[in-house]
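Both complexes below contain subunit A, partnered by subunit B and then by subunit C.
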Partner chain A sequence: MSTISAPTPPNATLTPRNIPDRLSLGWRRIFQRWETLLLVVAVLIFIFNAFASPYFLDPWSLSDATYNFTEKAIVALAMTFVIIAGDIDLSVASIIALASTAMGAAAAAGLGTPAIVVIGLGVGILCGAFNGFLVTRFQVPSIVATIGTMSLFRGISYVVLGDQAYTKYPSSFAWFGQGYVWWVITAEFAIFAVLSVILGVLLHKTSFGRRVFALGNNPVAARFSGVRVERIRFLLFLMTGTAAGIASVLLTSRLGATRPTIATGMELEAVTMAVLGGVNILGGSGTIPGVVIAAFVMGLVTFGFGLLNVPGIVMSIFVGALLIAVIALPILWRRFARRRA
Partner chain B sequence: MMAQFLKSRDVMLAGVILLLLVGIGIINPRFVQPGNLVEVFNDSSILIMVALAQMLVILTKCIDLSVSANIALTGMIVAMLNFYYPEIPVAALIAIAIIAGGMLGAINGLFIWKLGIPSIVVTLGTMSVYRGSVFLLSGGAWINAHQMSDAFKAVPRTVILGLPVLGWIGILTVLLIAVFLKMTRLGRSLYAAGGNPTAAVYAGIDVGRSRFYAYTIGGAIAGLAGYLWVSRYAVAYVEIAQGFELDTVAACVIGGISIAGGIGSVVGGVLGALFLGIVKNALPVIHISPFWQMAISGAVIIVAVVINARSERKVGRLILKEAQVHA
Partner chain C sequence: MNAASPKPVLEMRGIAKSFPGVKALEGVDLTLYPGQVTALIGENGAGKSTLVKILTGVYQPDGGTIVLDGTPVLFPTAEAAMDAGVSAIHQETVLFDELSVVENIFVGHQLTNRFGLLDWPAMRARTRAIMANIDPDIDPDTRLKDLGIARKHLVAIARALSVEATKIVIMDEPTAALSYKEVEDLYEIVERLKGQGKAILFISHKFEEIFRIADRYTVFRDGKPVGDGLVAEADTNKLISMMVGRTVEHIFPKIEVAPGGTVLEVQGLSHPTEFADISFSLRKGEILGFYGLVGAGRSEVMQALFGVTHPSAGTIRIEGKTIQPRTPIQAIDAGIVYVPEERGRQGAVTALPIFQNITLPSLARISRHGFLDLAKEFEITRHYAARLDLRASNLSQDVGTLSGGNQQKVVIGKWLATEPKVIILDEPTKGIDVGSKSAVHGFMSELASQGLSVIMVSSELPEILGMADRIVVMREGRIAGTFDRSAVDAEELVRHATGNTAKEAA
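Here is the complex of A and B:
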């Protein structure tokens, strides 16, 4: 998925005894990278938005625009790891709901902001551990296991809340979703930026990241190469759970209220973001920078549609079509290129 | 032989359902009166039909997350046709629903067959597109009971031999799918395509084409369910059947249909759907808040998949043991 066409060897002297550590990045290859294309799309949408509305280029409105995607993007970053490893986690939105419900209950019991945040993150981690346990201990396919927990986690929120809502949060709790770190940089955006750097380094510069790719490409070969497959899969579900916990803290703090329907459908948006960012849904390839750019693309498109007064559900048609198109078009393009050659 | 019969999944699940009914009957005897059980079956009919539609797709190692959006879109199409052109006979509307649903399913199938895109991505995408199209079509407005013709609303309610037509359509669909899967070449090829796609290709089965037909037939059933849903509840709006796709997957999983493809029976699918239908109908009767329903079905799905995962592993070991005995 990272390139549109089949990779061409950079020089003709490539023999089995002369394999370079990495392929040299010629201009041609840089232009053929998925991330480059996405970046071009993002810039085009940015320019279009700037012409569509005179208010767009104001730093404060740009800062507001980031609220559209930061929570989803944080989940999508962790989802990237899970998808690259060949799994999927459809329960993230329900984890957000359950963590938010737990935080609401903690706030109603009179606990302070630090305790509320710890509880939110803790519930996220526990839910992730439960998913990981089901997938690694019982060898349940992750898609079925997380469809089950998706129903279970949100179901518990419904049992606790019914048609009620938690709305009484301490005022200091609002900082996470509504506060600013410096000038127009929101706390949410700062957390997203820091996380994407950390996770980008983890995926692309550490041996752990290489193991995740190995696992996604061929779990059996990875196992025989000494990769602790089940432990890594467990850790990755722990990671999506934690990311959902963080997103839950941010979303709850931003909305200032918890209902059982909170974050409905966010799992699909997170998967869409990862796939749009060039992550192969079958596992084995994908990059964090791609997903970060995809997050900006989706955020800018949402904001642009908002400026044009397009309803959210029409936006979802666009996202759904985009999801299919980004996968279908490269396949069609490759076929077209092969026929011409 | 007898022991094997008692150990079979379908029989075990039927036993669990009987125990469930006995338990509910002890708390509230009125629930297990024959008249009420017929009502529960009737209420579960749509879930049974769409669960079997989902099963056709799951057998081929795919998944269809767009079924509920298909129901909403075809339901809205026929409801609006009925509202603006009341002179169209209901039989024609039902045919339109089946064809429209089949076409929506075929779109999924084409992407999967011709472009080889993973089914979860395609149907995730079409789920949003179909659901959004309901909004584009209706402008977000509702079609209410008084805007539908009486004949349109009457079909699923008409009682024949003590069971409403809705229930009869459910039974007919079950029988047709059972015959289709057992007796037809295409039906058998669905199992082959999901059980071992590589071997299926060598056996001369076009795996992609089988998937395409599974989606098309499943879509047609979802389209029929769309008409039934809208006419039964006498209302059509953007959000109908939202999240229903997960209920259909859950029914399949509870019924022992392997998400990895190739394993599953019609009886299992029906029992899985009945189980969910009984739980849904029984909760208010035994004074448990309906808000428990989602958590209970989640817990049941998890228990079912853990049991499935274990039994599927045992099957592999059992074959080895038998081979040793014979050798």
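Here is the complex of A and C:
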């Protein structure tokens, strides 16, 4: 997180023609980075898990460990963009439910795997477009609009399914959530890895990503600088919708069944992951590598809890506490850094 | 009018106040007498508002003393100033729309009964008593948002009067939002306050008002008092020349350019509420100044050219081609760029590095298939940093850590990197230090001599007269006159901006 490092004091004595492009990062500055801190935490939890269970270091066991965070992490990657731009999308878990319901209906109608996947992704994209439309055309604050669609999308799933479930999926559909691409590398993990690279490049290496940061820091100045603010915001909701569609395909395929309660609460876990990864909840800063490390941290913690036979409800308490802690910690950290400066 | 001065109620001596890079006030003396109205006169930015904020406890002076009724006082908070008997009615009324008239009047100094609970009957009764003198038609329980702007102002006045111990009432351009009839009512209120022995500090740009209501005047220029006396012994011309007649302490680096053909032509541009019938033209290599009082509609016109606000009528032609910018990007594409007055809010993304600010509007042009080209970004940034004499420790420094003047250079550099045809500078040197001011002025001249057309909105007369080839004066949303630089002086501009053209006192 760039906001953690103390601002460089303006230096008026330098002659103008010798302003360096950037100051080299000292070791201390690198160590102060949030990502570095997270990485240390991830390693510590990894070591703890290795001691807690003799089975943990087995490659297949590690492969299993990735299942409990990849779908959330894919959503969190897209959420990272939306939060950096100063918005939030709380409807993602409900989009997953609606997309899953649509896929279940398609499978029940006898459609093949390619058509099912296209329908799942299509529903995700449409839901994202609907959110983006509400936010940019009607200027509904995104937190309000997506709380609304959170109820709306899942509500449709309940209407369609009631207490029933879709369980008849073609066997080839199972590959997305249960298959392997190479040795112990699951299809889910491979998709997450590829998306991480693509979205990391998009955020940090393209003019689109730069505009997202500008918009999140100061939407007025961004608009006054010729950034098409509303178009970018719309595209970002399209992105979270699409990510939710992908996550829905993976989750539905892994579970082999669709119930209207599918993915309940996942929006908060995705937000927690993004914020733990160093994304400023108020917008304007954050990194994809940070969120990827945060995904591993949360995955490892969940797996460690599993090894220790901690019940699921405790996990939910943990996520809630973590969300509060990661929002409060950077603020305390900054105050601490300022006092020392 | 009793000019023979009794004992002063308030004396300010040697008040000084600085902000980073700017001396807002220096060696300010001000004396207020009970039962008299003292008018505070000065250009925009002369330091009037800063003085009011010191007097009301919002700012703390860096030096000087305030003596109230013979005892030196300090106002560490706004509450302390109010308790000591200083009440202010501000330019922009600071009231609460969702609260009732009573609540607004007593917020911060509520009356309580013996149980320590709010004493609504007493507050209502007192509100009625105060309002009876101001506007008996206003019901104490009306929500403020249901009142018109003028009546809100009256509530603000009532609030100032609700403190029984009030000795000093500050009125900061109180008539700006009032109609003719309401202004007359206000004069009556002022007379009544005088009768009660209160001292009144009256800030106004309207000379007509000052001659009507004030007993004394103090003129400010560049944060210093330059003259005071009895209104009865002054005339408009004397006051105007005190206001503007400064010594030339700043040589404007104006390069004489023979302007080329017309680049921008605006005809009959109108907006439902902000401005009407604006027509002017801008030639290649010309600097066109826009002068007027704050609120004359100059920024709104510029923002219409830049696609931020949308005019209801009129045409904008750039190099003969009609454009209708609906968003800034359309204006930028047409070659019009805008350096806004609110630098931190609209001009720069202060939390991002210098180079990212400089390249933000040019990203489409300098990136390869959407991918950033950092080497090129730094190359462009270095170029403009050198041209603008930017002072920074490195180009990846956040813009927010720069001084105001250097922030402004970044915003200007950002636009030059787009290679525009017309650059609009809205109060380009407001709140920046003298060194950066010179750099901005020098740069503006250089740009014009290279064929860029410049529109400069400014409330500073020396800047307007020193830099502009032609000057458009706006008043109340309309053009009050267009002048050649050689054919106009400061007094003439002020007369047109304030609407005092009719009374050419000999």
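Here, the second predicted complex is superposed on the first by the 309 of 341 C-alpha atoms of A that agree within 3 Å, B and C clash if a C-alpha of one lies under 4 Å from a C-alpha of the other, contacts with A are read in each partner's own complex, and residues count from 1 in each chain.
Basically, contacts are C-beta pairs under 8 Å (C-beta built on N, C-alpha and C of every residue); 3 or more make two chains touch, one makes a residue touch a chain.
Quick caveat: nothing in here was measured; it's all calculated off a predicted structure.
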Q.
On the A-aligned overlay, A:76 touches which partner chain: subunit B = first, subunit C = second, or both, or neither?
A. neither
(Q) Is A:284 touching anything from subunit B or subunit C once the two structures are fitted on A? First, second, both or neither. (A) second
Q. Counting only touches as set out at the top, which of subunit B and subunit C does A:88 meet: first, second, both, neither?
A. first
Q. Does the superposition put A:221 against subunit B (first), subunit C (second), both, or neither?
A. second
Q) Touch check for A:292: first (subunit B), second (subunit C), both, or neither? A) neither
Q: Could you look at A:121 and tell me whether it touches subunit B, subunit C, both or neither (first, second, both, neither)?
A: neither
Q. Between subunit B (first) and subunit C (second), which, if any, makes contact with A:268: first, second, both or neither?
A. first
Q) Given the touch rule stated above, what does A:211 touch, subunit B (first), subunit C (second), both, or neither? A) second
Q. Can you list the residues on subunit A that touch subunit B in the complex?
A. 88, 134, 138-141, 143-145, 147-156, 158-159, 161-162, 268, 271-272, 275, 281-282, 311, 313-314, 316-317, 319-324, 327-328, 331-332
Q) Taking the complex as given, what residues does subunit B use to touch subunit A? A) 63, 111, 115-118, 120-122, 124-129, 131-133, 135-136, 140, 238, 246, 249-250, 253, 259-260, 289, 291-299, 301-302, 305-306, 308-310, 313
Q: State the interface residues of subunit C toward subunit A in the complex, per the touch definition above.
A: 306, 308, 327-329, 332, 338, 340, 345-352, 355-356, 360-361, 363-364, 367, 370-372, 378, 381-382, 385-386, 389-398, 400-403, 406, 414
**Q.** subunit C-facing residues of subunit A, complex
**A.** 3, 7-12, 14, 16-17, 19-23, 205-211, 213-214, 217-218, 220-228, 284-285
